[in-house]
Amino acid sequence: MADIEEKLELMERRIRDLEDRMAIQQIIARYGPAVDSCSTEATANLWAADGSYDFGGAPLVGAEAVGKLVDLQTHRAYVARGCLHSMSTPVIEIDGDHAVATGNSRVYLHDGGDWKVERASANRWEFIRTVDGWRVTKRTNRLVDGSEEARVIFASGVDPNGTANPVG
Amino acid sequence: MADIEEKLELMERRIRDLEDRMAIQQIIARYGPAVDSCSTEATANLWAADGSYDFGGAPLVGAEAVGKLVDLQTHRAYVARGCLHSMSTPVIEIDGDHAVATGNSRVYLHDGGDWKVERASANRWEFIRTVDGWRVTKRTNRLVDGSEEARVIFASGVDPNGTANPVG
Amino acid sequence: MADIEEKLELMERRIRDLEDRMAIQQIIARYGPAVDSCSTEATANLWAADGSYDFGGAPLVGAEAVGKLVDLQTHRAYVARGCLHSMSTPVIEIDGDHAVATGNSRVYLHDGGDWKVERASANRWEFIRTVDGWRVTKRTNRLVDGSEEARVIFASGVDPNGTANPVG
């Protein structure tokens, strides 16, 4: 019996790891539909109460402030024209009740007869496990415009001890 | 023993939920390669026999009709030029033998030296669990061109009781 | 007891299948951040020691050679301008210690005020299970520029016994 209990416990841990990964994928998957429909609450609910979103410039601090990004004049103008926020499948590293996901995001903007890629970015998402499930504690987004910052995000996602190689 | 049986049953339910999510992701992942290789049968097989696909205009009704979309003149012309149908990771909600997935899709079209984004859309996929696995009962696709319909799809995916906020 | 052991074994197989799929998704998810940060080792580590990468022309053979693709002049020039390598969620077929994943990839390149789609491709990834986890044994990448080769990759991913339909 002790042997079976042990096996059950090990399997339960493996199931939980899979559930954690699926849950984190789902939070990131929710971001695009939430902001592209200007859903303030659905956007805010992805973040921890004191979580932040830094996309260059002064970060938005607190879930409520993040939710309100859908009311920004630039965002409303995007949505009125027609836009998609799309996220890649992220690299996920889980450490107990914390997790980091690293991937890209793109913003497609309606532009006459087709769509242009208005933004293309590197993203680092940090998460905490709460009683209500995983929540974003910090998201950092940097344009891939040749600057070092985006490369540092990507490098840290695939090689936690490494640094982005110099390019130029 | 009763205790162990109960634990096994609970774990089995958790495994099945993960399998359901993975299976639904896989159906959506199959769509692009199926239509971009003009594979009639592989496309039709994703749908339930009486499932439909509404991408504006008169919906295609029945798996066979959906499979034949790869023979549409517009589709053949895309494929001859070179095109990709790419889907985002969807938000998935499962309720017993039914499920809804909400995400975006983009069509990239070869255009001289590079590719343009020919379509960018909001998608709602509805599924039923059959004896052969999950199948699409209804897919709705609306261009993100600033019109309300795409925002309604996205809003319903992240906030089932909500509505898209007015924009403009 | 025998009955419970059997149930445990069956569940363990189902968990392993989910873990395999998640692991393969993660390898593909790592590719973009690895090459976009010019991380030689993180790129090489995705491949089996004798694995190859064929993106047209002479294939790169061996993990070390694949890792060094980040030092190619064309790649360095992309990264210096700002680029994203983004992969779709692949169709995954697992057969014991071998697996095949089929999906698309796109390269977005900074181009003045926005980003253009510099490459759009069909991808076939072949994997082997090693003592260190899944590794790529062969990746084939073909531009979707209307040529037959990309369609053959997509068709083989959704219908292993089929062939791409003629188009034109």
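General remarks:
For clarity, chains are labelled A, B and C in written order, and residue numbers in each chain start from 1.
The rule is short, and it goes like this: a contact is a pair of C-beta atoms (placed from the backbone, for glycine too) under 8 Å apart; a residue touches a chain by one contact, two chains touch by 3 or more.
Being a predicted model, the structure only gives us computed values, none of them experimental.
Rounded to a multiple of 5, the C-alpha superposition of chain A onto chain B involves a rotation of 120 degrees. Chain A and chain C touch with mostly distinct residues; of the residue numbers seen at this interface, under half occur in both copies. Chain A and chain C have centres, each the mean of its CA atoms, that are 22 Å apart. Residues of chain B found to touch two or more other chains are 4, 8, 11, 15, 18, 89, 116-117.
Across the complex, chain B meets chain C through its residues 1, 4-5, 8, 11-12, 15, 18-19, 22, 25-26, 28-30, 32-34, 36-42, 70, 76, 79-84, 86-87, 89, 108, 110, 114-117. Residues 4, 7-8, 11, 14-15, 18, 21, 88-92, 102-104, 106, 116-120, 122, 143-147, 150-155, 157-159, 162, 164-165, 167-168 of chain A are the ones that touch chain C when the two sit in their complex.
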